[in-house]
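A, B and C are the chain letters, set down in written order, and residue numbers restart from 1 in every chain.
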């Protein structure tokens, strides 16, 4: 597999400088490990010093770094080098010619009353239940379940093990036991959504759970019933959103982050990894809550003191008053 | 799909007031979004003000709210409105006539030495291994694995991707490597248990892992080997219980909560979301441990100070002594 | 199923004392619950007092406890009793004669261009994609996916629901949406690796994700793209390692522990359960960060004060200065 730089700029735009269109690219590689046949990129200006040292055949850079890049060697100048790099990986994948063939794998179990677009790809051992709808170009990789009446839009990717439309977790307590609340809603997933391996999106209790266009969820993410995830939100691995929470557009949740039930997050709220959100957040910004890791012995001392923190505050107050009185 | 109010009270009891038995119900809906053809419910007296404003055709209420509900319009009076609502969703599901048909889906792989009750439903692409037993009316949705010699009781629901009976995580260290401890126990699951999508219950090392009757586990929950989960306990998504822990009856664990290995939780212990339990708990009650989320800049300051908390306590002590000495 | 003590020491070594080689063992059992027909073990000297009380037919002990064990009854003396016990469970499993038969289950979907060793076991409903390689004696239990071009070494066990080689979570932001970065790398897994149920190991973005020999991962673990996990590292359930992190050899991560992206952990670093590592760690040792669980009312007070911790520190400073001035 290889591509010419000319093929790349023809497909993706950008200004090629310092190399001919015929220069052959063997690989796309990170700046620090790129060899003389490789295409690389510099997306974060903080790594500028790596630029000069890189052996890459060509580096994708922003206009502001054009001169610096030219001093080193060949470059492609693009407004958003990281997005350009992303599209280069897509071009690479296409050129490999290994894309999936539309259609339903013979081992998949698709209910006759499901609607699967002719351009969709239903991979091996997937299950598509009655009334489910799978949009154009959407790819269920392998061992994916899309439950009854759930909809998945166009150009989505559902990785192996994904479960869309399991019952939400709803039970009414009665006499010390739990009475099941049948989950009568479904799941509606927009276009260009990607769900990572073994991620779960539960069906709604009465209304639907909704994942809007462009949302990206990593592996092992849990989305509870009646959650609404706004456009282009993204969540890293092991994140969880409890029932009826409303996540705004363009929000992000770091790995292992949790949003409790019935909360609302405004657009552009960013939750750090391993952070639990217990109240609604109305202002955009970055939010964090996490006990910082430390050597265990130090943590033990600090954690023990933490259990007396409120009392310590009272002692500080008392000291302040005593000092005033002296 | 629709039901008459008369059909509902005939099936579930309760006193219908302010409407005829022939009133047709088009949907079950939450109080705030219910339309004039919908049945709704008021389970939490805190939402009383929503009652007057609701457009629902009929609202399920507790006896104490009978008068208030009657002023608005039609109601069904029931001792436990939330449980009544739950049963109404079950009635609705039944009336849809879409229940599963008992039997083994042709795509499932069931070992000839497994015992599957004739009324059980083994969904598409499930695996039931040698010696496993599946009880009456139990439903393995799709892509569920029940391992060798594991038992699942009656009327259970195992959602897609569940794995019952994978090996517990047991290894003996020797010369810097790990020697596998074969997991010779199995898993015993009682009646009326529900396991969420992609949830895992490991087999025991020597004895069995036990899930008692009526337990409800949400999605992506991890139950380690030799754990014992008592009757009617419930755990929300992404919760985890480490090996040999003993969870009492009626306990609950919030989303992402963790119970460490070999601990014992008394009956009626409730663990908040994102809380890690590191010691046994002998008293019923609610337990929490979680760094509250804050704006990142504030968190950074507080988290940095937290690493010196023990030293701060010493400084407070020193201040108190110095002040005493003045 | 039963074994003679003579068969055990013939296979595993150790010195049998106080019982004949013909003594029949019905079960392997923990010290406290072992009956008169059972083989047990004492690995942790802290449990010495349980030794005298045990009814086991024979107890595996270290040389230092030989006398004490002999006073009680029969014993096998072995240098590492816990590893000896582990091997005894393996012997037991073998003697049950229920080992898997090499070969590909007819329900599995194996691409014709995948290379599966003749001694490997591909269980029911597994998916092995184009270019994947499965080594000698490796066992994919059931419903396991090994993606395109991914390699799994020899003698590995992949439990049900494992996904090796789903796309890493890589997207470039552009105009408020996400541009997919095709994940062009693969996953390389060494020998003697065990992956728990529903665990995910993502393929690399440009280079490969690497799991070295002897690594053991529990259930529902998430390994991001381009992570490198060193030899004989082990991670408990629900742990997560974000992209490009480098975990040293012999490291352990407790249940629910998280290592953030691009960090490096030295060899022999141990991360406690529910701990998030936010910086690289260059020294071996045990690291912890977790808000200790407490009664909810106490936690609420302490957590509220925690949000003012930095301000409290300033007040302590002010007090110290004021006191100095008096």
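Keep this in mind: contacts are C-beta pairs under 8 Å (C-beta built on N, C-alpha and C of every residue); 3 or more make two chains touch, one makes a residue touch a chain.
Chain labels with UniProt names: A, B, C = UDP-3-O-acylglucosamine N-acyltransferase.
Everything numeric in this text was worked out from a predicted model, so none of it was measured.
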item	value
Set of chains whose contacts include both chain B and chain A	C
Numbering shared by both copies at the chain C-chain B contact, with half separating same from different	different
Rigid-body rotation angle, chain C and chain A, from Cα fit (steps of 5°)	120
Chain centre separation (chain B, chain C; CA means) in Å	26
Shared-contact residues (touching 2 or more other chains) in chain A	107, 125, 143, 161, 198, 220, 238, 256, 290-292, 294, 304, 306, 308-309, 312, 316, 319, 323, 326
Chain B residues within the chain A interface of the complex	27-30, 33, 43, 80, 82-83, 85-87, 89-90, 92-93, 98, 105, 107, 123-125, 141-143, 157, 159-161, 192, 194, 196-198, 214, 216, 218-220, 232, 234, 236-238, 250, 255-256, 273-274, 290-296, 299-300, 303-304, 306-310, 312-313, 316, 319-320, 323, 326
Contacting residues of chain A [partner chain B, same complex]	107, 109, 125, 127, 129-130, 143, 145, 147-148, 161, 163, 166-167, 169-174, 176-184, 198, 200, 202, 205-207, 220, 222, 224, 238, 240, 242, 256, 258, 260, 271-272, 275-279, 285-292, 294, 298, 301-302, 304-306, 308-309, 312, 315-316, 319, 322-323, 326
